[in-house]
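One chain, subunit A, appears in both complexes that follow, with subunit B as partner in the first and subunit C in the second.
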Partner chain A sequence: MFDFFIHVASIACLYGVLALSLNLQAGFTGLVNFGLIALFGCGTYGAALASGMGWHPLLGLPAGIAMAALLGLFYARLGRKLSSDYWGIATLSIAEIIRISITNEQALTGGAQGISGLPLLFAGLKPYDGMARLALYVVVLALVWLFCQRLVKSAFGLSMKLMREEPQLARSLGYDLDRIRRVVMLVSSAIAAFAGFLYAHYLTFVGPDQLVSPETFLIWSMVIIGGVANNRGVIAGAFLMQFAMAYVPFIKDALELPTDFVAAARLIIVGGGLLAFLLWRPKGLFPEKVGGSNGR
Partner chain B sequence: MKTTALAAAFAALFGGLVGVTPAIAEDITIGAVIPLSGASATTGKDQSRGIELAVKQVNANGGVLGKQLKVIVEDSGGKPQTAIDAAKKLVSVDKVPIVIGEYSSGNTIPLGQYLVQEGMPHINPASTSGLVRDIGATSYSVVGLDNVSTEFAAQDVLDHGWKKVAVLAMNNAFGQGVAEEFKKHFTAKGGEVATTVMYTIGQSTYRRELQQVEAAEPDAYVFTAYGTEGALIMQEAFELGMQEGKPWYSILITMMNKDTPAEFKKGLIGMDVGYIGEGGDTYKTEYETAYGETFLSAYGGYAHDAVLFSAAALNKAGSTDKAAVLKAIEDLGKEGVKGATGDITLDADGQRTHQPYLKFKVEGEKLVAYE
Partner chain C sequence: MIEAKDIRAGYGDGADILTGISLSADRREIVTILGPNGCGKSTLLKTIAGYVRPRAGSITFGGTDVTAVPIHEKVRHHKVGYVPQTDNVFGTLTVAENILLGARQLAKTEKEKRFAALMDQYPALAGKKTRKASALSGGERQILSLARALIAGPEILLLDEPSAGLSPLMMHEVFDAIGAIRDSEGMCILMVEQNAFEALGIADRAYVLSLGQVAMTAKASDLLEDPAMRKLYLGGEVHAE
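For the complex of A and B:
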């Protein structure tokens, strides 16, 4: 049971990092990004690239972050011309285009069969490798959280929120919205790619099936249930969702329900949970705190 | 007040969980991860039926190590992440000695790799991608891989005298494997693959892809498709007049035959894994009695045999100890186990050496095997 707990907690930490990344974009800046998973994919394929080219595994990290930064900048560039709902649709379709391209570029990406056999992080520390990984992920999550907290409480964080609430006003006050968008996308893309890199070296397999759009919406549900624009909240949301999904099979075993129950229950948790929160608690478990900025 | 009530409800629920769990401990349990939701749910259902029948059969013949066999089936959701979650649960919580799984290669490979890292015996009951061979030392397949099935198909197509063919396959791990391996074998045997078109699953029409393969002017069309997609492809090929004078050949024809109306598949031939080998008649009868219909796919029989094989391995090992079980699997692989899909023997990489393949032709609605 303990090993399984460690595994679920590890994945929850990585989802937490992803949720923080999405929260910077959607929660604080109002950038409704439906293509988040592609930024995550840059990280996983960065790791896969390093493995395929025979580089040192760590080189996959800068490669992944570089790809994510380029993609993030591209997203931001699109945002200059498109209003936020159209931008959301554009990001969704770009993420899909990327996934389909990966599926077709068989020589480079292994196509639909993906790339397997990546080195497992801390594999040498058996049997304590799981704990070591979890410790690392917790530290990474804490650092990313700290960074996000500082960012949103800074003067720049204020301008992010102003852009979300009153873009016209922000522009009239002389804020460069394009620059804000660019910086937010760069930073959050790097965070998402970092999560992807760690994920790839945990699962040891990278494939296009990991980048389907429902994955983006899973992260969205974590953010909405946890609390939009509350960093603590989205981490709580990530843990809650991941644990709820992972522990459904135990309820099935205990009550001797058919396995079909698991599949149905998971769908209900994501869809029903999302709907319930949107209806009865639209601000999530931890609503956004207004004020409390260290900036001007 | 409200909080107390909630807490009480939770306590009751979890108390209930703890109370019920130990009952399982008296049986010998093995684990299976199969797709019960997602795109391959139908095959997953067939697999779970195969497993159920195999458990009945094993227990009727005295069970495993003097106890009853039980298989804990977990849903993979058709996703690698969920498949691995399920495997971790089976390994670290249920402490099963063997894990069977999954269906599509994209999930079986990461699942198998995780199990290999843990030194756990993994039995692949369905995935045919050539990459399955490289999963690792403790991974075994009771199904023959693409290289075996496509070689059979390539020879069959050439024997019909069609030297220049166009290949149409779905763009996923399975389709890419089939297209690539078929081309390799077909070219090696002196044939020519004029063009290969990969299509995305779930489209409302395949006319564009069909016209692309038509432009290559082949002697015959070779394709592989899942149920309803195969039906749509055949219907549109018929409507475009592409079935006039040009033969169609389906790789793994049982996947799509059931969904295709007779008028759109006149003269269609193909091949598939023989889902019943020697001694499989009993399995077929049992299946039809239990579920009131014929096989949903070709893969229930392999899941069935994966359970039989696992049970035999546990009995041979004399315990559920990992090392003993692995050794027993290796030995059994050489000796062979009789299953519903025929004799199962494994090669040095732990992959099934040969398996029955059948040539099929369509007669009306039905598939008929021929020599």
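For the complex of A and C:
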């Protein structure tokens, strides 16, 4: 049971990093990205390709970040022409195109079978390897949180929020919205790819099933339930959602429910949780602290 | 100061809304753009400001070609202040924070000096500088957005219907403030307005638009006294003496 707890907490930390990435885009800047999972996938496949080509595993990180940066810049470029809702649909479509391409490509990505055999971090530290990995993920989550906090409290963070609140007014004050969008997409894409890199070396397997669009909506539910534009809140949302989903099988066993219940209950947790919070607590568990020229 | 020649502009792939407009405005001058709804007043101002890129024609500010320069660059590099019609303040920020957003490029001491001067100029804002802008009335918001545009010391001020949604009393206050800016700062002010008589009361010259073209241009005082103009474009019957 303790190992299971370590496992769930490890995954929650990585989802927390992803939630922070989405929060920079959607929460603080108003960029409604439904294709976040593709940026995460750049990190997972960066790790897998480095491993498959016999490179040092750490080289998978810059490779993944470079791919995510390119994709993030492409998303940002689309944002110049498309309004917010159409941009969201476009990012979802691009993420699906990438996933389907990966599924149908064999030589580089291993197709639907994916790529396995990636090195597990701290494998030599058994039986304490799980705790060592969790410690690393906690440190990474804390550092990413600190970085995001500093960013959103900076002058640039204020410009992100002005763009979210009144984009045309922000332009009339000299803010270059294209530049803000580009920088936010670059930074958040790198964060998402970092999470993907760690995830790939945690599961030691990478496949297109990890990039399905419901994963994006799971991250969205973490952000909305935790508190849009509140970095502490989205981490809380990630842990809450991850633990709620992980413990569904135990509830099934306790109540002697059929196995189908697990998948259905997880969907209900994500969809129902999103709906409930949007209806009754749209600002989430930890609402944004609004106002202040220091970007809070 | 502002020179626009043969401007054609529209949105997306749609038809031209402006079909060959030319206008000019100088320093120490308020030029107002009037006309019925849908004649292209706001599109013209947005084109000159840089929100809409003209399909043909040229725009110069002080002799510099700015035809293809977007709004954010005009504000930063060409000393332009723009006051939008609606959604003109950041409601979650305080009055002081809103004003200081317009002074990002200034040194700290200069910023403080100009902020203090604006507080003297607009005592209604000074008393509420720590309040959230969302708590202000429509007229106060308009004054706030004017103050924010002024803090950077622009040479050109573009105003999009500054009296929109204001009570008559507040409208007078806003127009008085605009007139005072022209007199004290000596800047070039281009203003789109629906309230033609109020606008002509403070303006030096006016352009009357109709169907995307300049139907008439004249001194504001001449337009006010022209009965035919009042009847055609200004709702003359209402104000006829």
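Following the convention adopted for this analysis, the second predicted complex is superposed on the first by the 292 of 296 C-alpha atoms of A that agree within 3 Å, B and C clash if a C-alpha of one lies under 4 Å from a C-alpha of the other, contacts with A are read in each partner's own complex, and residues count from 1 in each chain.
In the analysis below, a contact is a pair of C-beta atoms (placed from the backbone, for glycine too) under 8 Å apart; a residue touches a chain by one contact, two chains touch by 3 or more.
Values in this document were obtained by computation on a predicted structure and should not be read as measured data.
More residues of subunit A are touched by B (comparison of subunit B with subunit C). Touch criterion met: A:Y175 reaches subunit C, while subunit B stays clear of it. By the touch criterion stated above, A:L278 is placed in contact with neither subunit B nor subunit C.
By the document's definition of touching, of the two partners only subunit B reaches A:G114; subunit C does not. Looking at the shared chain after the overlay, A:L203 reaches subunit B, while subunit C stays out of its contact range.
With both structures placed on the common chain, the touch criterion links A:M53 to neither subunit B nor subunit C. Of the two partner chains, subunit C is the only one that A:L162 touches; subunit B does not reach it.
Of the two partner chains, neither subunit B nor subunit C is touched by A:L143. Applying the stated contact rule after C-alpha superposition, one finds that A:V290 touches subunit C and leaves subunit B untouched. Residues common to the contacts of subunit A with subunit B and with subunit C across the two structures: none. Put simply, subunit A touches subunit C in their complex at residues 155, 161-162, 165-166, 168-169, 171-177, 290-293. For subunit B in complex with subunit A, the residues that touch the partner chain are 16-17, 20-21, 24, 36-38, 41, 48, 72-75, 77, 79-82, 84-86, 88-89, 91-94, 105-107, 109-110, 113-114, 117, 129, 131, 134-135, 171-173, 175-177, 198, 200. Taken together, the subunit A residues at the contact with subunit B in this complex read 1-4, 7-8, 11, 100, 103-104, 106, 111-114, 116-117, 120, 123, 203-205, 207, 209-210, 245-246, 249-251, 253-256, 259-260, 262-264, 266-267. Residues 49, 51, 70-73, 75-76, 82-84, 87-94, 97, 100-102, 104-105, 132, 148 of subunit C touch subunit A in their complex.
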